[in-house]
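Given below, in the form of structure tokens, are the structures.
First chain A sits with chain B, and in the next complex the same chain sits with chain C.
Now for the complex of A and B:
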């Protein structure tokens, strides 16, 4: 398990919704969404309403299953993430974002990580022509704006939740960019700390928890290896095997808040990367046709809104950051 | 249910006899005991390939006169060792197995959907030997098929296997090929409560199917009824020309495109996505089998399965069955000797001990029973496979001990001789 937080389960829907804790958390979440939205609109982003279903969705990683639905006799998917549509959206606008619902039937082992929901929401951001570092700056801006707004306006809610606003001082007092550490260095850190794992892979929950606990402010892990992420994260042309991507890790054991990357946009590269991730290109017909005709280069990311809320509100479990929690493997209304 | 299968060119009668009669099938018929004079070329090699051209069958196991390893065993036991002293337990792709055998995949073809899937699964579980479930089972037969009678669905086979599995032994490997990646077989299993006991006890593997044994270079082919084909139309291509638009349709899959980098990254991605499952890789008998296997092991595969071009349960064009792909013996030669950390599994016409022991001597960790397992279960759904495996284990012990060795891992290429070759160790 990645954190010191004890596993827990929600009560009945009325118990959960009437709880003062839930109500404070959801008020905080409102301010977070508001802060992000205002910031992005000020920066010239266009908010689009996200797609919910499609013939294909983000294949993702880490074993989460997609949900099939019948679309007039065709097998469609609920969005696990709208990454393919984000790239498509850049044909209309250069800077877009969604507040997007996603469904991922995560492996049962994630039920007690405190940070997985089968149904969750993301700020899904995509920027044409942007680099990895450009996207990271926007991600940092959003997190900082959200935390600042909650600290400024939600003092009494934080008090009800027992969340000390001073926990955010290192973040709010930061004048430059969040710290960045490469995946390779993070792995070496973990080995020094006695945590050995597969070096070609994602950082596991436990490892990420260790790194998160060490820090008092959010930080980026960048440049994950190929083989740990989906086909759309761009491989560095100068450094084969290295992806030009990033995660933002919250401190105090709260773990990953954001995943993002520069994107692959070249047709032949995408075909090769699809095969390298075990995908059957045939099912991506509409997407590949679009890519073949040309899409912009871009970078983007998704912020888990419930995860960001959990961090800001200081919650042990992410299910407390949603009105209608769906914990992996727990059959819920 | 019994007697529905046939296997031309395969020693069906001998397999059925062993599935029916058990260990006595290892010897010539008892009614000839004391009356018949036996010799080479008589009854001893009923499994030889049609025409006698199979190079693995043409080889002989060649016991030496001097046996230093037998002396070691004698010293340990303080008596002369016998074949019963051969220890066959081993590790197969991360699973403990009491025997160097496993049941290899048979897919969605009619032969494996006709009710034999459950019988084979149950018996393999009881034996504690690993079981591989083939590609296309989920897209074609379903995942949680409620028809427990036929055992078509993947979960039914899992339950049948697990229900009789001894603690700490065996494990199941589930294949996924490029096209059935659409059905998310691995994701389904990884998240399914029904698969958790195997997953939590380290007895779940996912096998990446890189190609077909019986038709290397082509993908899976099955003959479907038109209604089934219509249901799967969005997932698979069909060829209407083969059956002239009749009630049957040929479904053709692509095997998927692989390069060394694609294979390497797919294995890494499997390890990333399913860290608690074992990663197996099944290779077709391609001419670059050595390079492909090395890529798989270097990328972290727990086992590499090589399926010789020796036929199978699937539908394949006759020209492929007879003339395409490397025979298993040539695959083994090209693979060469492996460090013991590399788990190599082989299948192709396996059913009796000599072929199995030759394969073990030429580098395999274990051998897979495919058609033989189906025939044995077809002969007797309750005990057929168990009896066939008992025969195989008895022969394997006898053969290994005859070589003055007492573990499969002690075998090497010197134990095998190819007529016409000069000297020993000629395969290197």
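Now for the complex of A and C:
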């Protein structure tokens, strides 16, 4: 990747859509999504059509704003993430996934980071009874299957993009699990490398970039501190303040591809976590009613499809990984 | 189907999702979508991820309201249909499809028709250079492949639903094209059957129901009059006032499954049609700019996935064909 920052902007829709770069990228993206889908369908997952509006949505999202809509006089939200619906879906099937569009009004200053879109898509997976490690294994299998398929079938597209398929050799030759590093250890690494930041927060973009650049293969950061995530990431019962969650970080500076976690499913703990994170339980009426009746324990994750495409295709900016880029603050189709 | 009208309502999310009926329906839906997808991917279509917000959306939709959102101070819409984006996508690939969520705030009086949802999904297809008849052939192939796959793989689910697979024998034994009836002839049929309505409009629900009940296999109504559809349905150059479009109507009273058309692609004619249909061209800036630069001729269609599921699964109400039903005017997850 040429640079961490990519201030270029898409041309007009015809310029963008007629470009051999865009066409190669979208063909690669189609293969990535199909590889992920086929792997999960073979394992007995059921694909459900995603909800995109509802009375409430995931409150997470580093500083992004939710979009309000008027649903017959009631204030609804556009989904920023369908996590609450994924937990509900496990009442029907033990293993589910969605390909889900999401809208997050990211701060204007993210317009040129190369990794933020106001509209994007997640490959959204949830598995009843699964642990943090179980979910990480599925996430690894999906990324590996997607990369393998692109390398196998999209040689000429990778060539058009100038993406060397050898970049994926360390990933494809891996026989065991992807490397795992705890959030605490990642922080210590960053201090050693001269990058200091708040220990109770997400790792900041710059820190994530440093760790990503150091690696030649995707790796997990696990066990984030409680202050950094929403109420639905489960706290470790043996290690209070530590969440049983994970991010998958791409190598070469591409940064975060996937966020996932064991989910909180106990009514009282969810209420407590909501209060800790400043969420008003009254807003979550249907969800809390359902949780009180009982939902399964689970783990799940969301893959940023445009971000995974960006890494696989070797793009400087994530907007190149979508047919109709919505850059924060920029009016476009 | 027991009744044209189905005033029943979904229970709580746990009641709905734990029901063997819902689970059977969603498994069938998963097979329908996969059958359609596999058929198109084999034919060289590229699947794109759908946009769900934009400065403008399809103005069609019998009396349904669009949803406004605030996109960084700009008034955007939720997609009621992605037709304009499908035309744009043909600048990248000759044959494309989306699985696209749509939101339409249907009038409150549609809450109990059994066939309206405020949030639904379309299997959205567009083909460069294709005629009305070409698109109808693809639509027929998709419906046939979906039904065949469900009958082949979902025997026990159909049994749980009390849906007799023999209902599909006339469809599956068909060797040629589905029957086609012109809008004019359909109107005359309805007059003979004692059902009179405005000739320049869509066929009303009751009329569509009468024709649907008469048939044992899906059939097309073609060549709707100009007043009945949006500016993007192409007018027949040889027969002014007649559109080169079609609906696919399910048998047994299930009604419309698919709407499609040859598309208008000429700048001057689009402007004229916008003015005729009361649309302000200034709203469509990006689209008209693109059209002026040149877009391919095309035909395409949208399959209502919940409606097709309703027909295949033999459901009285379309809300049974979705995990999180949004009934017009009803607050629910």
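The working rule: the second predicted complex is superposed on the first by the 328 of 333 C-alpha atoms of A that agree within 3 Å, B and C clash if a C-alpha of one lies under 4 Å from a C-alpha of the other, contacts with A are read in each partner's own complex, and residues count from 1 in each chain.
Keep in mind that, in the parts below, a residue touches a chain if its C-beta (ideal position, glycine included) is under 8 Å from a C-beta of that chain, and two chains touch if they have at least 3 such contacts.
Computed from a predicted model, the values in this text were never measured in an experiment.
When the two complexes are overlaid on their common chain A, residue A:39 makes contact with neither chain B nor chain C. In the overlay built on the shared chain, the residue A:108 is in contact with chain B and with chain C. Shared-chain residue A:74: touches chain B and chain C both. With both structures placed on the common chain, the touch criterion links A:227 to chain B but leaves chain C unconnected.
Ranking chain B and chain C by residues of chain A touched puts C first. In the superposition on chain A, contact of A:181 is made with neither chain B nor chain C.
By the touch criterion defined above, A:198 lies against chain B but remains apart from chain C after alignment on the C-alpha atoms of chain A.
After overlaying the two complexes on the shared chain, residue contacts for A:329 are found with chain B and with chain C alike. Taken together, the two structures place residues 74, 105, 108, 328-329 of chain A in contact with chain B in one case and with chain C in the other.
Contacts from chain B toward chain A in the complex involve residues 176, 178-179, 181-182, 184, 186-188, 190-191, 193, 196, 208, 234, 256-259, 261-262, 264-266, 268-276, 300. For chain A in complex with chain B, the touching residues are 61-66, 74-75, 105-109, 198, 200-202, 204, 225-228, 272, 275-280, 282-283, 328-329. Remark: chain C residues 12-14, 17-18, 22-23, 26-27, 29-30, 33-34, 41, 46-55, 67-72, 74, 78, 85, 88-89, 91-93, 99, 101, 103, 105, 108, 118-119, 121, 286-287, 289-290, 293, 305, 322-324, 326, 328-329, 331-333 touch chain A in the complex.
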